[in-house]
Structures are given as structure tokens and as C-alpha cells.
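Chain IDs A, B and C follow the sequence of writing; residue 1 opens each chain.
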Amino acid sequence: MNEKKIIELKNVAKSYDGEIILDHINLDVHEKEFMTLLGPSGCGKTTTLRIIAGFVTPDTGDVVFDGVRINDIPAYKRHVNTVFQKYALFPHLNVYENIAFALRLNKVSEEEIFERVTEMLAMVNLRGFEKRDVNLLSGGQQQRVAIARALINKPKVLLLDEPLGALDLKLRKDMQNELKNIQRKTGITFIYVTHDQEEALSMSDTVVVMADGKIQQIGTPTDIYNEPENAFVADFIGESNIIDGIMLDDYKAKFSGHEFVCLDKGFEKNERVDVVVRPEDVDVVPPEKGMLTGVVTSVTFKGVHYEIIVNINNFKWMIQSTDYVEPNQKIGIYIEPDAIHIMKRSEYSGQFGDYSSFSDELDKLSDVTEEEE
Amino acid sequence: MKKSKIFGNIYTVLAFIFLYMPIAVLVIFSFNASDSTGNITGFSLKWYGELFSDAATLNALKNTLILAILSSIIATVIGTMASYGINKMQNKHIKSATMSVTKIPMINPEIVVGISMMLLFVFVGGIVGSQSSLGFGTVLIAHITFNLPYVILSVLPKFKQMDKSLPEAAQDLGCTPLQSFFKVELPAILPGVVSGLIMAFTLSLDDFVISYFTIGSGFETLPIRIYSMTKKRVTPDMYALSTLIFVSILVLLLISNLTSDKSREKMSKKAKKITKIVVGSLFGVIAAVTIVVFIVSASTETLTLNVYNWGEYISDGGEDTLDVNQKFEEYYEDWYFKKYNKRVKVNVNYTTYASNEDLYAKIKSGAADYDIIVPSDYMVERLKSEGLLQTIDLSKIPNYENISEQFRNPYYDNGKEKYSVMYTYGIVGIVYNKDKINDDDLAKIEAGEAGWELLWDEDYKGQILQFNNARDAFGVAMYSLGIDVNNATDAEWQKAYERLKEQKPLVQSYVMDEIFNKMEGGEAALAAYYAGDCLSMIERAAEAGVNLGFYYPKTNGKYVTNIFADAMCIPKSATNVELAHAYINYMLSEEPAVANAEYLYYGSPNKLVVNNGDYIDYLGDDYGVIYQEEFESQLDYMFETYAYRSLPDEKLKLQNNLWETLKVGSDSFDSGIYVICGVIAAVLIGFGVYCYIIKRKRRRLYWNTQKEASKK
Amino acid sequence: MTKKSFMQKAAAAPHVVWAVLFIIAPLIFVVYYAFTDKDGAFTFSNITELMQASYLEIFLRSLCFAFLATVICLIIAYPIAYFMAKAKPKTQKILIMLVMLPQWLNFLIRTYSWMALLEDTGIINSILGVFGIDPIHMINTSGAVILGMVYNYLPYMIIPLHSVISKIDPKLLEAAADLGCSPLKVITKVVLPLSVSGIISGVTMVFVPSISTFYISQKLGGGNFDLIGDTIERQFQTAYNYNLGAAMSFVLMLIIIVSMAIMNRYSGEDDGGVIV
């Protein structure tokens, strides 16, 4: 990754009708980076993108592009292009003309247009589709046209606003790989907006987790997953059991009435903390061998593993295990020290990480509402 | 960003000013104390008062509403059924054919729809031999016809959108097909039906062109009334009515707009249901009442007399005059009650035309059944010779003795059997604007030496008005050339045509009743017109501060001009002959005859009028102008020499052809317009060609490069 | 099943009968009258009569006036429709209402009130007089006739344009800006080509009534600019020559069909969207 900053957001804030959308955020984007803005709907990620593109003017703060402040430069003069959520292809133009659109504006010669469009079509695997009507293409094909159209001007930065949101799961996976490849091949900086954490983790160099108009954490996918900075991040990225705990000393935490050895340090003595334990890091053992014991309330088969909800001291844990257990069975659990992650308490403490009201269906429902955004 | 917004706002405001300027004019003049659009004299509500006493306008309003309600309801019923059927049609070709035919009245120009239906009705009427092929029925059919496509186009999509399994579900639950239609399908398409109904209603309310061609004698809608008014003078109570209509629609739309968004959401379901029921039943009640009124008024003993007269050719009750038609209704109702001891309602349907030729076209086509018409001399002769008039039974007209002897045997009707009773007579003269005529000509007029030549004077280019009917226009030309109007040879007709053609560049416009507005408004300098009308113009113009004068044109010191008589006749196709006779008789009695004479400023053949002291006082100096001794002494000679006679067919045809050629051909070839038109068309075509060339270039390049690429 | 399909057929039957009797039959009569003489014998003389220079001039004039009125309507209406589509939904609703509102008043009386505005001693000239400007001759000119057409049919251009423009996805405009279109280019390269269907229906809705109008030119043109509609009306209401009138109507229909066909052909072809 290049160290040169291509885009800097400095203290950028935006509000509509008194509602704060972006709360003084700072963000640096480096050249050739694949950066993902991740967060639930309404977190401000799309607004951030639109501020970079030039469709939204921030109330305060600076947008710096390549060292130059560009707050007052209109969208059409910025060297940034966008792939829109529902592609926004021009319905009156065919595939060829859609992709050639930007070149025609710059009065590029026909020969060069042909060359570059052909090149682009090859890159997005759409050769032979030149004369097609864009309205008759499938979602995936439209997506490719949109990417080709945005890339033809060789922008320094490509902005992608939930580009895969409208595709089905299988196609989404393929496109993820393809996008990653294109990014590597072209070396263009991608700023990618999504609410899908899996997508974010698998594609990005850097993930920016946002919530409530603030940046919660910036880091590599592994950092974000393994070292979430607060309960929100821990819960939003993957499944997490988040338990109230007390840091007794360095490397020594107490929660659920039991003392655990962990790898974290640097907290005050007896500081209240949030403890994160990922479901897959919990081992099921017979009750007598367990660090904690509880009663199984439900077991769901998930294909690779079972999802087990265990009631331990009135806190419902989620455990993913390949071993089957019976509901109402009493079991013990065992947690390795490196599976325990201690976080400072934050405004999100206590809001997440309890599976007492958990249900698959609810989870899916909330997914759907997010997509409809 | 902001700049474009400001520009947009300014632009939109300007556009709305453009759209509302004429409406503002209407509203302002509805409150104007004066009845002229020339000057504003002060605020007054009198026209709103006049409106509610203007029976004819209110009747037209009622007719318009009846027509709109009936036609929209029938069209909605037929259209909804049709949409149901069309939606279910299996055969695509039949379906699309039906739809294309349905849309014809929408796409076809209104005038073509109107005349095509008129041709159908007249033709069928001719075959059936009915006396009047046009009437309420035909205009209703026409309205339903042009309403249908709008209903179908708003209902059909609702059927298409409806879930196909909806009726199946209903029938699955035990509905019969009919029940399922009313319980399930109808509610689903109701919004479409309602909007179709409303659309049909408003279209019918506003229609003029199609009604104009398909309407009969006994029925006048508001737009038709406005039309005949705009030919002469729109009385400000029409402005008042328009203002009222405008304001009430504005209020209705505002209410529906404001309630639609928020309050409708807030409204509870119950309240919604109630409003629905209220609105629905309101419309239902209105419809029912009008239908009942219509049926009742059709079934109770009502005697209707269809009178077809010249525009503003009767004392109509405006401005403290006598409403002759209304007086007649009362008089006859009383008389009938006294005689038969039975109540009856008399209804005079008074409609107007602007020229003898208009009248002839209406009568000849057999399109309408008038009971009384008032053609001029030569037209009486023509109608009589074509057998379109019936003899008048003088025994039923005791007042005939009021007609002075010299008018009892006019040249056009001097047989034993009488076909006409003279209504008025008059002479054509020239009305002029004193402020627009130069001093030399004024002096000439004062000295009584002016003739027709002023109408050909280059000094008054664009200020001259000419008759907009062939007979009078050619008459003016022939009198000015000294040609005998009744025995002109083909060559002389040609000469007269040349004379008119010579005049055309000087003519501001060809007018009939429009002349009133133009002269009174000071828009024109000179015009030949009927003396009576000229005198009433002078009177009214003086009120508005326009100084008009009048003279009879002289040639070689002698009056050479048209004298004419208009006479009441009963057409063959009249349906109420008895009442027609009573009407003629009444018109000859003193009170209405004097009222008419005072209103019209025409010469009256009625002895009781000419010797009436009030009348003589009322006319003052004008009495001398109307009953000029020089004419009075030689009326017989004048009628003999200068009145129009019915022309033989070939001459009539020649006259019409020459007239058509004159009207159609324009010397004022407005080249500017054509140049602009051509330039725009050229630009458009050029642009099209440019696009085409670019596209072809691109395409060729595309294929070439592709070929090369594939070679590689 | 048979009962059901019978019912369905029966539902459309009144309309079909009605359409045959009162839509198709009258048009047949137009053709019949156009090709017969007064005695009902077949003839071409009505059509050949229309080939005279004077009638040709009427056709040309009508075509020109209607064409100009349509172009002017388009030029005036497009920005209005565009600005309306940009307004808030609630404002849009009110603006549409305001555009349609004048149509509720009879067009005769609105045209008549233009006379009062345009006359030599009319309102506009009186107002100009207050500012010391010499009166401008407006009434009885071809400009006044075209103005009357533009005024009466402008709403029919605004409404379809607005409905098409307001349906354009705002994302497309952003996409165009994103790809380097200046605000003006956004309009010429995206908005304009996407509103072609609205332009076509607007042009149709203005052109057809303009070319066939018969009242406007009588009032605002002072009878000096006879149009097709005036001539047809005269044949039916005054000259009593139904055959010639029917022939003119027939030709008028042909002109309209041909104009529409030309327009649809050349606007429909533009699939590549080469609007510069």
C-alpha cells in the first residue's frame, strides 16, 4: 500500500434539518487503497461518499484531494467517479454509448473511444455486448457496465455506493472477486460503501466502521475482527458475546462470576470493561470440566456447525460448536486466554452481545430493512 | 445552483403571468361599472346582479350542466363495461383494433369530429325525413362519443393492474360472477371510474367545437352562448359568471389539494367512509335531480317556441329595457289560461345568427326546427321559392293592420298568400370615427357629398371594416361602381370582385356583429353597416368617449345604397305553428314594437310605432336620420332599385366562388412568418441530418475498427 | 364457461356498437361527402378545387402557424416543466393545478379577453401609453393568431413534459455530473434525450388543435388569416357546401397523419441517443 494520501477529510460535519448526519469526522485515504466504509443504514457512510464525490457540500471541515482543498469544486470537475447503488445507467444509450459517455464529453477521437471502450468491456467481461440495450441487461451485467463507465476516465479514486446490494448472493460473491481484481489491475483507489460486514472484511485493505455519524474504528479487516474497539464494532462485525466484566489486574479479568486469564493489559485495577468472546472460540466441555456452566436453551443446525444458546447466570451465550448437545442439557464451557478480548466501556456498552432475544428470523428481517434503505 | 433557482423562479412567474393575464382581465371587467372593455369607470357589483336576472344565460348554464352530467354518466357506464370486456378480450388483433378505434375521437381534430357527426346526423335525418336532424339528442350522442375514450383510458389500466385472481378468490368464497364484479372488482377499479367520470364531466362542460356542429335549435349551452356573444358584444355578466366559475373551481381544487395530503391520513376510517358516502350521494343527488328536472320539464305541458333571429335584434331586458320574449311568455300564459282555463308554460328559445347565409345553411340542411326566423328580403324570396317557408294565416294575426299599407306588399312577398311579416327596414350607411378621419373628408361628409370612395381611401389603410358576408360586401362594391346589384352580368360581378380585391389590403378585418366592439372601441375608422346598428353604435360609443358619426353615401348627388327589410317568417319545418302566429301577432302590438324600435334604431313598418310620441322623443335627432324624408318619399323606388333580390343559382354560385376566392387569397402575404418557419424547419432538418451523419460516421468507424481488430 | 365468455363479450358490445355508429360511420360520411357532389354523384372536383393556389395557401399558412405555435410552446414550456419537476412534491402539485386552472374557463372567453388586451386602444397599449411608449399594433396580425394558439395550448405542452421530466431518476443526473457533465450538458445529454416521449406527446397535443382551430384566427386575426378550420367552418355554417368542407376535413386528417408519422419516425430512430 502506498503511503501517499489521496483524499483527506478534515473535521467534516453535515446535518440536515438539525439532524446530525456526520459528526466531525477525520479520514485519510491513501493511494491504491481499497477502503470500505461499513456501518448500518443511517450511519453517514453514504453521505461521506457523496461529500467526496461532490454531490453534498459539508457544513464545516475540509475535503482535500491530492493536497488541494476541493470543497468548492463541483462534482463534474472532480477526478473522482462513482458507481451508483442502482447503477444509474442512461436508459437512452446502449452499452457502448454508456461507457463512452465521459469520453465523448472530452471530445476524444472516435478511434480512441473505440479502443478504450473495447478495453473496458474486456476488463468487465462484456465483449460483444456493445449494441445491447442497457435496460435489457441482467443486474450483474448492468453492474459491469456501470463499473466500466466509471473507470473509463481513469479516475484517481473510484467511489462505489453499495454496488452489489441489488444482486443475489452467488453473483455477489463473484463480483466481489472481480472488483478486487479490477482494483489490483488498475491500481485505482476504491472507496467502497456497504453494510455487509462479510463483504467488507473479504475485500478491503482498510475497513472504516461507522455508526451515528462517527467513525468507530479504522483498521485492517483482521484488526477490526480480532481487536474491536468497542461493543458496537464487536457486535457489528461477526457474532460476539459481550459480557460486563472487571479487569482485576493486567492479564486477569473477571466476568460471569469467574476469573479468567487473558492477554490484555494496561487497564486500571478493577476497571469495569466489556469482555468479548467470539462464539467459535468457546469450547463445550462436560459441566464438571467447565470454567462456567449453564443450561442449553436452544440448538440450531447450521450446516458446518451447531449454534447453541446457553444460559449462564441469566446471560445467554452463543456458542458455535461441531458437537451436538441436547436442549436443557447442562454443559460446561472452556475459554482459552487468547479468545478473550477486553474493551474499554463505551456508550454502546450493554446494548449488544446478549442473545436472550436472539432469533434467526429477526436477524434476517433487520437485514432486509437495511437493504431497503 | 442558486442563480439557476432564481432564474427558474422568475421564468416560472413570468409564465404564470402570461397564463393568467386574460383571466385577470375578465375578473377586473366583471367588477367594472361600465359595460365597455375600453374604459374602467369604477367598482361595481351590478353585473353579478344582472347575471342572476339573465334568464338566457342561466338557462344555458342549466343546459350545460344537464348535458355534462348525462353524457358523463352514460359514457362512464358504457366505458366501464367496455373496459371490462376489452380487458378480457383474448384476440390481440381485435383488442388493439378496438383500442385504436376508441382513441380516434381523442386524436382527431375536434372540428373533424364535429363535422363528421353532423354529416351523419344530417344524412340520416334526411333519409328518415325528420324535420330537424339536430337537437338535444345529437349533441348528447356527440358528447358521449368524445367522452368515451377518456373514460376507457382511465378505467382500463385499473382492470389491468387488478390482481387476476381477485375475482377467482371471490367466486371461490361463494360469489356469483355478478356479485364478484360488484363486490370485488368494482371497488378495485373505482378510482379509475371516478377519475374518468370527472374527466368526462369537465370535458363536456367545456366543449364548444363539437357542440357547435351538432347542436340543434332548441338547446343552447354556455359555450355556444358565449360564442354568439363574442360575435357581437360580450355582456359583462358573462365575465361575472366566468369569475364565479373560476373562483369556485379554484376553491374546490385548493380544498381537495390541501385535504388530500395530511388530513386524509389523519381521518379515521369511519370518517373516510362517511365522506365517501357523502360525496357519492351528493353527486348522485345532483344527477338524479337534474334527470328528474329534465324529465319533468319535458313531460309537463310546456310550449316551446324556437326563435332564430339576428344577433342583438330584439329588446332583451338589458339595462332597463323591456324583455320582449319574457313578456310574450307571460302574455301567452295568461291568454291561454283565460281561454282554456288551464295553466301552461311557455318557453321562448331565442338563438341568434350573424348573416342570412348562416340562416340559410341551417334551414337548408334540415338540421334544426325553428318556429320563427327573421331573414332579409332577398332571403325571404329565396327561402320561399325553395319551399322552405309556410304561408302565414293573417286571420290569426289581427295586429297585422298595424303594419302601414306601404309595407304590406313588399317586392319579395307580393303574392296573395303571405309568407312574411315585416319586422324592420333599414338602409346601409357608413359609420366613421370623427377623430380618425382627416378634415377634408370630414368637410365632405358634412356637406353631404361623401360617397363610397372613402372605403377605398389609402389614407385609412388598416382602418376600414368590411362586411363579412358575400351579398353585402359585393353590394357595397357594386353600388360604388354604379352596377345594378340585381342584374349584374358576369363581367360586372368580376369587376366588383376586382374592386373588393383592390380594397382588401386596406381592410382591417371582415366583420359582422364584431363591428360593434371595433367601432365603439375606436379600433377602426370607417365601416359600411346597417343604419340602425350604426346609430346604436354612436350612442354607446359616446358613453365610452369615442366620437362616431354616420352618413348615407351619395353618388352624383343621389343616394345609392342598399335598402333592406327583415321579416318574420315561419319555416316549413316549424313544430309550433300556432304559437308562432301568436308570437308574430304579439310583436306587432304597440308595447313590444315600440320597445324593439327603441332598442334597434331601425325603421319600423308599424304605424303605432312611427306615431308614438314617446318613441319620437326618445329618438330625437335620430328620428330624422332613420325616417329621412328623402327616402320616405321614394321608398317604393328605393326598394325597387336598391334592395337585394334573390339571385339565380348560377349568379349565386359565381358570387360564392368569387367571395371564397377573395377571402382565401391573401395579398398581405405575411412573408416574415414563412421565413421564420422555414428557418426553424431548416435548422431542425439540418440538426437531424447532422445527427444522422455523425451516427453513420460512428457506426462505420465502429465496424471498420472491429473488422481490423478481428483480423488482428 | 360459455356463459362467462358471453357475458364478457356482452360487456364490450355497447361500446363496440357505439364506436361503429358514431366514430367509424361519421368518418365514412366525411369521405363520402368529400368524393361526391351535391347530388351524391362520385366526383374528384372537391379535391381538385382544393388544389387552387388560394386553398393551398390556406393549408400552407395553417401548417406554418401551427408549426410555429408548437415550437414556441415547446420553447416556453420546457424550462417551466423542468423547473416544476425540480420543485418540492407539494409545490409541484400546486403548480400543476395552477397550470391547468385556466383551462377550466371556456377558451372562447379567454381568447376574447386577449382581444381586449391586444387592441390598438387595448389594455397593453394603454399601459404602454402611461410610460410614454407609442402604441404597438398587435391585433389582426399573424403574431396575434400564433399568440392565441400558444396561449390556449401551452398547458398541453407543459403537463406531459413535466410528467416525463419528473420521472427521470435524479441519480442519472448525478451520474452525468459525476462523469464530467456541466449543468448545461446534463440537460442536453441526459434530460433532453430522456424526455423525448414527453416532447412527442406535447407536440401532438399542441399541433393538432392548432392546425385545426377555427375561432382564434377569426378573433385575433380579424378574419385576415383564414386557416383550415375557418374555411371548413364556413363551408358548413355559411356557404352550405358540405362537400367542399368534407374534402378539406379529409385533407386535414391526411396532413395530421403524415405529420405525426414523420415526427414519430425521426424521433423514434434516435436509439443511439446522439443529441449533441
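The working rule: a residue touches a chain if its C-beta (ideal position, glycine included) is under 8 Å from a C-beta of that chain, and two chains touch if they have at least 3 such contacts.
Just so it is clear, the model here is predicted, and its values are computed rather than measured.
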Any idea which chain sits dead centre by C-alpha averages?
C
The chain pair with the larger count of contacting C-beta pairs, comparing A-C against A-B, is A-C
Per the C-alpha centroid definition, the whole-Å distance linking chain B and chain C comes out as 22
Rounded to the nearest Å, the gap separating the Cα centres of chain A and chain C is 56
Return the distance between the CA-based centres of chain A and chain B, expressed in whole Å.
73
Junction residues of chain C - those touching two or more other chains
183, 272
If you look at chain B, which of its residues touch at least two other chains?
698
Can you name the residues of chain C that touch chain A in the complex?
169, 171-172, 174-183, 185, 189-190, 193-194, 196, 271-273
With touch defined as at the start, can you tell me which chain B residues reach chain A in the complex?
697-698, 701-702, 705, 709
Residue numbers of chain C touching chain B in their complex, please.
4, 7-16, 18-19, 22-27, 29-30, 32-33, 52-55, 57-58, 60-61, 64-65, 67-68, 71, 76, 79-80, 82-84, 86, 90, 93-95, 97-99, 101-117, 119-123, 137, 139-140, 142, 146, 151, 154-155, 183, 204, 208-209, 211-215, 219, 221-226, 229, 231-234, 236-242, 245-246, 249, 252-253, 256, 266, 270, 272, 274-276
Contacting residues of chain B [partner chain C, same complex]:
4, 8-9, 11-12, 15-16, 18-23, 25-26, 29, 37-38, 78-79, 81-82, 84-86, 88-89, 98, 101-102, 104-105, 107-113, 115-120, 122-123, 141-142, 144-145, 148, 152, 177, 202, 206, 208-209, 213, 222-223, 226-227, 230, 234, 238-239, 242, 245-246, 249-250, 253, 257, 261, 355, 357-358, 360-362, 364-365, 462, 468-469, 507-511, 517, 521-523, 656, 660-661, 663-666, 668-670, 672-674, 676-677, 680-681, 688, 690-691, 694-695, 698
Chain C contact footprint on chain A (complex, rising order)
53-55, 74-77, 80-82, 84-86, 88-94, 97, 101-102, 105-106, 149-150, 153
